[in-house]
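The letters A, B and C name the chains in turn, as written, and every chain counts its residues from 1.
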Amino acid sequence: MTSLEFFLQQAINAVSIGSLYALMAIGLAMVFGILRLINFAHGDIIMVGSYTTLMLMLVGLPFGVAAIIGVLASMVAGLIMERVAYRPIRGAPDVAMLLTSFAVTIFLENSAILLFQPTSRPFSAPSILTGALQFGNLRVSSIDLIAIGVTIILLLLLTFFVTRTQIGISMRAASTDLLAARLMGINVNTVIAYAFAIGSLMAGIVGVLWSARVGKIDPLMGFYPVLKAFVATVIGGLGSIPGAILGGYVLGTLEILLQGLLPASLTPFRDAFVFIALIILLLFRPNGILGPTEREKI
Amino acid sequence: MLKLEDVQVYWGEVHALKGVSLEIEQGELVSLLGSNGAGKSTTLMTISGIVKPRAGRVIFDGQDLTQRSAFDIVNLGVIHCPEGRRIFSGLTVYENLLMGAVRRTDRRQVARDLERVIALFPILGERLRQNGATLSGGEQQMLAIARALMADPRLLMLDEPSLGLAPVIVEVIFEVIQQLHREGVTILLVEQNARQALQIADRCYVLETGRVVMSGPAEELRANPEVQRFYLGG
Amino acid sequence: MQHRLYNLLTIVLLFVLLAGLLAYASLAASAYIQRIIVLLGINIILVVSLNLSNGFTGVFSLGHIGFMAIGAYTAAILTLPLSLKKVNLPDLPAWLSGVELPFLTATLLAGVLAMLIAFLVGLSLMRLSGPYVSVATMGFLVIVQVVLINWDSMTRGARTFAGVPPYTTLWWVWGWAVLTIYIIWRLGHSSFGRSMMAVRDNDIAAQSLGISVMKSRLLAFCISAFFTAVAGSLWAHFIMSFSPKSFYFVQTFSVITMLAVGGMGSVSGSVIGTVLITVLSEVLRNAERGIDLGFVSIPPVYGASQIVMAVLFVLIIVFRQKGLLGDREIDFNWLWSRLF
């Protein structure tokens, strides 16, 4: 394999993984922007969607239908989560909200363990998703291409939504200045519901793609994705949707880079290096890449 | 149109408003004066529903607003243009104005109001596609007022529109406020700049440490020696 | 005058009570009860020291369990009997393999090491604010975890680190707990403490008053790291075997829950919160094995205790957003006047 081919291979990996991180991160960023809440339970949305899809497939539904319902189930789960756990604590100190999201995570994960057993279950997606295309020496798995393609479409739709629809612009307004938004008559409940709905929908899609990629699901599958998504939003600048997208791709690229550049003895340390890189970044840009450069956003 | 009856407001344990009563008739320009920390902004926030009073009532057009949500209150036409401008800095001037009209459903009228607002503040018309954060302080204040106007206010409440602005810009802003007053908009103006406020208002209330200490027609207060000493610097 | 007399009286009373309880427990109580008392003490040290950083200065660290791990491993390596060192840690560097230290020395050294690391880490992290410092400290936790798992020669990697001598007794734990409570209380209620809280609530205003944000945060971070590491050492010599997995996100969540329930910025709140949650967890964990109430028996539902804790936690936060005691300390005067 020539070095160009190797580079392309890695580039596709990076963009594919980065796309998944970006989609996850958008949900986190939207909710944080308006509510100042870091929703750790966002990862479990992936889990809810994946298990729904799996169960429906086991009952006999074809993958396509099961996946669509699974994604919708994710969206509904997000909306229920907002209504039941987060709306009652609106206005609470940031810490309380963070902890509540931890509590929701524990609730969901343990419920899943009780319902579905803690061991992982195989998730078989149809071959169009799990197959690969060969271009000379280059082997590109279809799931990577699909992930990238789906992400591009979703990002375009999202951009249209936040720049051309009233609700979308209201969301951006609410995330800039919630008080002023309220004073203009923006219905905060509606805007927040949309933020959760869109974010959860995207997480649901990530769930299907991720499960197809990995081939199995388990109740704790949301833990690492949400951690990565959180890191991605911080890299890009918390609360900013472009930041989340940028952060997702930077993180994906960073992971693949480290994977490739680290000597074999150090590859287990990859996650540690990612965090070291993050800390170094925060030293120079305390509010993320796209965040304000002054320490305090006044 | 608007009546406050003995409103008591607390910020946690701090007693911010100790029984504030005031009235505004339709079409009036009433100014709320007082030094820093007197409770002027708190009064506006109580009217707009952001803060709930522990006692007393807020009545608008005969309706008791005291326990209503901010969302409901805004939809009745009580529009609060907050202190510090607080425009949406990630959005363009146009998007900001659009957000002002978010509660409205009559798109044709909204389009007409957009033209009207640009006529009032031509500089905004030039900067429609610009990001709000790139505007100067004075332009942002104009945008904030314009945005409030887009909400079709029955009662327009302005919190310290002259704060931090150069005197030239302050003149322009106050001229616009007078213009709006002439057009019949009911305005409650909170100001530290007593001189300007007293010049354009019909009536004034003076607030000190949460209480109304003086009230009356503007000419009366202008002539009042205490007002002259404490608020007009002479 | 009376106010201070009452407080002093109460504290002396509590001391006597505590000493009495410990004496009784060490002689007469079952191993199970003794275990709970030890865990309670260790949790108190963890939560109170975390409060110094999270509650008082507002640096919401999600990585403190990393210091606990450092404390546990460092002290355990130092106290491990030479014979076991040869077997379990054959690749230990020469200057360590011949060392076997007494409990207190090892614990102190572990604490100091944690403090040094906290200083270095803190230099870069303390200027961050809000969620950024949280994610950076979380990064610290991950880094510690990765290092522990991969530094085989020192830590046995992901394998269990066993054979730690059981030095921890009720008295050691509660001795340290009382010391921790005392020091953090004094710090929190001194002028230093007040300036820390000023920084927490509005650091721009505090800066204009000349209070150094960095210094106060860094100091709080380091001191809390010291005591957290001590708790780690105590725990290591109690449980006698552990692995890196014992010091990760699950433990982080439970410590932070105790902190939030008690109230951040309140030392007595931390104690109360810890007691409540620890006891409740134990009760629920027992209930998991199934309860026989005579007329009805509830079957075993493993994992249910976590769910119940999570739901309870959300309920508490909904009704008392700042935790049970919030910012304030327990007022013994009020208590006495209520009782009599």
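FYI, a contact is a pair of C-beta atoms (placed from the backbone, for glycine too) under 8 Å apart; a residue touches a chain by one contact, two chains touch by 3 or more.
Bear in mind the structure is a predicted one, so any value in this text is a computation, not a measurement.
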| item | value |
| --- | --- |
| Centroid-based (C-alpha) most distant chain relative to chain A | B |
| Chain ID, smallest distance between chain and overall C-alpha centroids | A |
| Most contacted chain pair (by C-beta pair count) | A-C |
| Between chain A and chain B, centroid-to-centroid distance (C-alpha), Å | 42 |
| Centre-to-centre distance between chain C and chain A (centres being mean Cα positions), rounded to whole Å | 32 |
| Centroid distance [mean C-alpha coordinates] between chain C and chain B, Å | 51 |
| Sites on chain B at which at least two other chains make contact | none |
| Parts of chain B lying in touch with chain A, wherever the complex brings them together | 48, 50, 70-71, 74-75, 79-82, 86-91, 95-96, 98-100, 102-103, 147-148, 151 |
| Interface residues, chain A side, partner chain C - complex | 32, 38, 85, 88-89, 91-96, 98-100, 102-104, 106-107, 110-111, 113-114, 223, 227, 230-231, 234, 238, 268-269, 271-272, 275-276, 278-279, 282-283, 286-288, 295-296, 298 |
| Footprint of chain B on chain A - complex, ascending | 166, 169-170, 172-173, 175-177, 179-188 |
| Residue ranges of chain C touching chain A (in the complex, touch as defined) | 54, 60, 124-125, 127-132, 134-136, 138-140, 142-143, 146-147, 149-150, 203-204, 249, 253, 256-257, 260, 264, 301-304, 306-307, 309-311, 313-314, 317-318, 321-322 |
